[in-house]
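Here the chain labels run A, B, C and D in written order, and each chain numbers its own residues starting at 1.
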Amino acid sequence: MSLTQSGTAPTTAGSSAHDRRARLIVTGADQPGIVAAVSLILREIGANIVSLDQFSTDAEGGRFFQRTVFDLTHLNARRPALEATLNERLSSRFGLAWTLTPAGTPKRVAIFASKSDHCLLELLWRHRRGELEMDIAMVVSNHPDLANDVRQFGIPFIHVPVSGDKKEAEQQHLRLLKGNVDLVVLARYMQIISDDFLQDVGVPVINIHHSFLPAFIGAGPYQKAKERGVKLIGATAHYVTKDLDEGPIIEQDIVRVSHVQTAADLARQGADVERAVLARAVQWHCEDRVVRDGNSTVVFR
Amino acid sequence: MSLTQSGTAPTTAGSSAHDRRARLIVTGADQPGIVAAVSLILREIGANIVSLDQFSTDAEGGRFFQRTVFDLTHLNARRPALEATLNERLSSRFGLAWTLTPAGTPKRVAIFASKSDHCLLELLWRHRRGELEMDIAMVVSNHPDLANDVRQFGIPFIHVPVSGDKKEAEQQHLRLLKGNVDLVVLARYMQIISDDFLQDVGVPVINIHHSFLPAFIGAGPYQKAKERGVKLIGATAHYVTKDLDEGPIIEQDIVRVSHVQTAADLARQGADVERAVLARAVQWHCEDRVVRDGNSTVVFR
Amino acid sequence: MSLTQSGTAPTTAGSSAHDRRARLIVTGADQPGIVAAVSLILREIGANIVSLDQFSTDAEGGRFFQRTVFDLTHLNARRPALEATLNERLSSRFGLAWTLTPAGTPKRVAIFASKSDHCLLELLWRHRRGELEMDIAMVVSNHPDLANDVRQFGIPFIHVPVSGDKKEAEQQHLRLLKGNVDLVVLARYMQIISDDFLQDVGVPVINIHHSFLPAFIGAGPYQKAKERGVKLIGATAHYVTKDLDEGPIIEQDIVRVSHVQTAADLARQGADVERAVLARAVQWHCEDRVVRDGNSTVVFR
Amino acid sequence: MSLTQSGTAPTTAGSSAHDRRARLIVTGADQPGIVAAVSLILREIGANIVSLDQFSTDAEGGRFFQRTVFDLTHLNARRPALEATLNERLSSRFGLAWTLTPAGTPKRVAIFASKSDHCLLELLWRHRRGELEMDIAMVVSNHPDLANDVRQFGIPFIHVPVSGDKKEAEQQHLRLLKGNVDLVVLARYMQIISDDFLQDVGVPVINIHHSFLPAFIGAGPYQKAKERGVKLIGATAHYVTKDLDEGPIIEQDIVRVSHVQTAADLARQGADVERAVLARAVQWHCEDRVVRDGNSTVVFR
């Protein structure tokens, strides 16, 4: 039995509509004829385009991004043929990259948390309400504190302490994750992720952190923001890359504050923004709406 | 000399890039193969797709909307051939409607105003800064008050008093507008537009009005909003239809207020939202980003 | 044992700081000398003013509102003397109304719900995190569906079916509420409250409902909003008065939507705004920040 | 004739209401009895308190801030007596600082600009509409480009080139400003202000600059923001202190962007936020709503 069978989101219930719907992401160097090529391929196989978003960074020599959602009866049976055609007519002819994702197969997600529960619970709660198109395979934490909260949702909670040697914990993480998940979400996981782990895990990692205008670097950012009279408190969800907290931004938002709030109040309001921003970022990623473009993102909303 | 030559927006300066760029809007009943047909037509003629937005209200039996921006060298010379192809392969074969607009030909706009200047000046100012892709052919007002403000921008100001018989004024409006403008913007024009005028003028009419949650109907809305303790003041820009203030919404926004504001303060803040919302609505319309869908709109932003 | 002892919010833990803190609300016809009178009373008794917010609707003949938070050692013992002074020097001399609330005694709250859980769970969750300064005495519902969700939080869930005769259910409600709660919150409770109930219950009742610009009246508001192309979806929290959904507004907010959202999506986003707006309204009410002014409110944030 | 007589804002027209209204700002170490002392002083002299905002950073040992607006007939004649009382009973007894400002005397403001007109024109325009309670004494620029735009508003434009020796230009600035203005606003003035100038000018200096979450330091911030996929573009208005761009924040705001905007689009949208934020900051300063608290601010809105 695989861990992911514990997922109970309504979206996993393969309705016939979901069974024939798929999402095709195409990226590469822009050149005339790509849109025509993709739409011809889909027309020839009898697919019906449900939505199409296309974006090019520049009319001349830009980078090309296209997200196409389509319906195709007997999707599973005809998928190998479709993939062969995409390889031949997009990859070989145009040098484009593409991914094809059946909408009926939610992404399998591991959520990492520490002691703060606001981001974690927001994801669990929205998932239970059927608002997040994903299977939550497991919650991993370096602290045992949130075990009961998580297990109430019928989701495995795995405590992996991180002490002296971080390598050991990361090895255990990799054993849990490899082959079992398509995405890792750091929901206020207060441990630094090593470059080795990032490379080995082989799936995208999304992180959430507080943000301000301007930035306040180092420890105690809310206190520093308070001391400067900051009027906006924000949060940023981004993909994790080697440069800590410098990866491509998926979503951001802010809330207005004033002098009456203490630094603790700012942190509490920041937590509210964090959970909203992380939930949107995870949802968009799981719906294949976010395409990376170097250290930036294209988000088809 | 046509009135529209008074437009001085930088966007009208036909750069070579603008000379070959066009926007194609396609609408109609959704059916398999439309996207492929459009992109094939553009590929065959050698056009390069710059951006493509597509939306369908439903995968089965929905209404289809597509906005395609493309570059085509010698656009003007090859436009008749392209239009013939679109007629044959979109209109005849699929029963679709389409419009083709060269980006280098800004829409000619008449702005109607009364005594309030905030919406009018916002449009004139943004236009002078090159932020609105349009030619302002004239400003028409039922009051002479704003003549100097308008003429400072080098734009004709025409005073058409509206007294006892509104018909007469509307006849004069039609003589000014017919054949000279592609859009009428009501920038706080405080006269009711007759159905006859709407039909005769033959171009879209955009209006701006205040909005609240919930609505406060009738006279003195800001006073009524104040008496209910409203916390948000808003504005709505929409196309004018026979049902006054009930036409398709293009854009809306709000500003937060509190008990310290008087009804006059609310009106002042409402004015700020109105000018921002109207400017966005006009800009999007002029860039062919707004497509009507019955009494609703599709806005490709 | 009273129901309210089930409250477990950290705020109920009488810290010494909370034991000496109180909030004084003073309202009435504005007249010179009120602020001086209040501050003299507090100075004479040795209280230390922590914060003071004052608002007058008009400098001449306006209505006066003041919220004063102060610290007073041995608050409980000296409260009778303070109240006698307030009666003599504010009520008798100025004809003002006042309420004195020890901050260490959270309001006792009953939450009414039906089948929707988003507003209810937001309140329960924030309460458990110590973010809402109140005791949740009970959750009352006309449906049994949410019993388990509520009892997980250690809060009594009482199922009061509402069938043919609504009177009977309301009688049962009154037996549960009278003397036990200081506030009733309708968290998407889908039954109309009778005027008799409102009068008999004797405590404020807060409601949440969706709001749009402009309003869409009657059934299916999200569908109607969709058909008009609405770009903002909102929610309003207000006190319930005889005129259904027309009571004084406490808080409002909106979220931006576009044509890509279905009516069901709009409803889902509306639910998100509803839970945020209701939580803020309840929090501010419980901190005595909301003062009614006829059919409007003064909210000292 | 002084330069400031060129101001034509409606607010300068001394209505009788304005003639008797004043604003009192009191700051210092919090201690019991301050509010009572202030309100007693005002009651004794026969003043009527219109609004009172008070804030203390901490109930014990905090810093105290109070803004009181009051009406007093024959204000000018009785001002010396009132000031003597404030000195005796607030300064001497409590060690508090205070400022008393008649509302009928608008602050005299110099606006510094360079080549960008968006912030400057926003201020001139709002001033002409009577929305900014100030007299614009002059516009100073290191470039001649905006002279005509400014003079159309009937406001002196003074071109002070800044070349090799910045000292010389600053000496000319000081000759223009000393004794003539109460506030300097840097409306996208692209020259660094020296510490010497800041000390010598003797009045507050407000600056506006773009802001992001997170910050992008150095040249080309919009390009850097674009390359990271930033979703929010913001602006910050602050008092200028020795640490460039690190002074107390008065106001901030943001606008949402996406991948479709180019770096130039981001800069344009940033300009819109800048002008809105700067206008609010200047308005609040001129209404004595902003009180500095170390490197932070208390803003009584």
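In this section, a contact is a pair of C-beta atoms (placed from the backbone, for glycine too) under 8 Å apart; a residue touches a chain by one contact, two chains touch by 3 or more.
Here is each chain with its UniProt name: A, B, C, D = Formyltetrahydrofolate deformylase.
Note that the structure is predicted; figures quoted are calculated from it, not measured.
Chemist: Farthest chain from chain C, comparing Cα centres?
Modeler: Between chain C and the rest, the longest centre separation is with B.
Chemist: For chain A and chain D, what's the span in angstrom between their mean Cα positions?
Modeler: 43
Chemist: If you average the CA atoms of chain C and of chain D, how many Å lie between those two points?
Modeler: Comparing mean C-alpha positions, chain D is 37 Å from chain C.
Chemist: Send over the residues of chain A in touch with two or more other chains.
Modeler: As it turns out, chain A has residues touching two or more other chains at 51, 55, 260, 301.
Chemist: So what shape is it, when you link every pair of chains that touch: line, ring, star, complete or other?
Modeler: Looks like everything touches everything, fully connected.
Chemist: Residue numbers of chain B touching chain D in their complex, please.
Modeler: Touch residues, chain B against chain D: 51, 117-118, 121, 125, 129, 131, 152, 260, 268, 301.
Chemist: Would you mind writing out the residues of chain C in touch with chain D in their complex?
Modeler: Answer in residue numbers: 17, 21, 32-36, 39-40, 42-43, 46-56, 59, 71.
Chemist: Which residues, counting only chain A, touch chain D once they are in their complex?
Modeler: Per the touch definition, chain A meets chain D at residues 55, 211-215, 226-232, 234, 236, 245-246, 248-254, 258-260, 293-299, 301.
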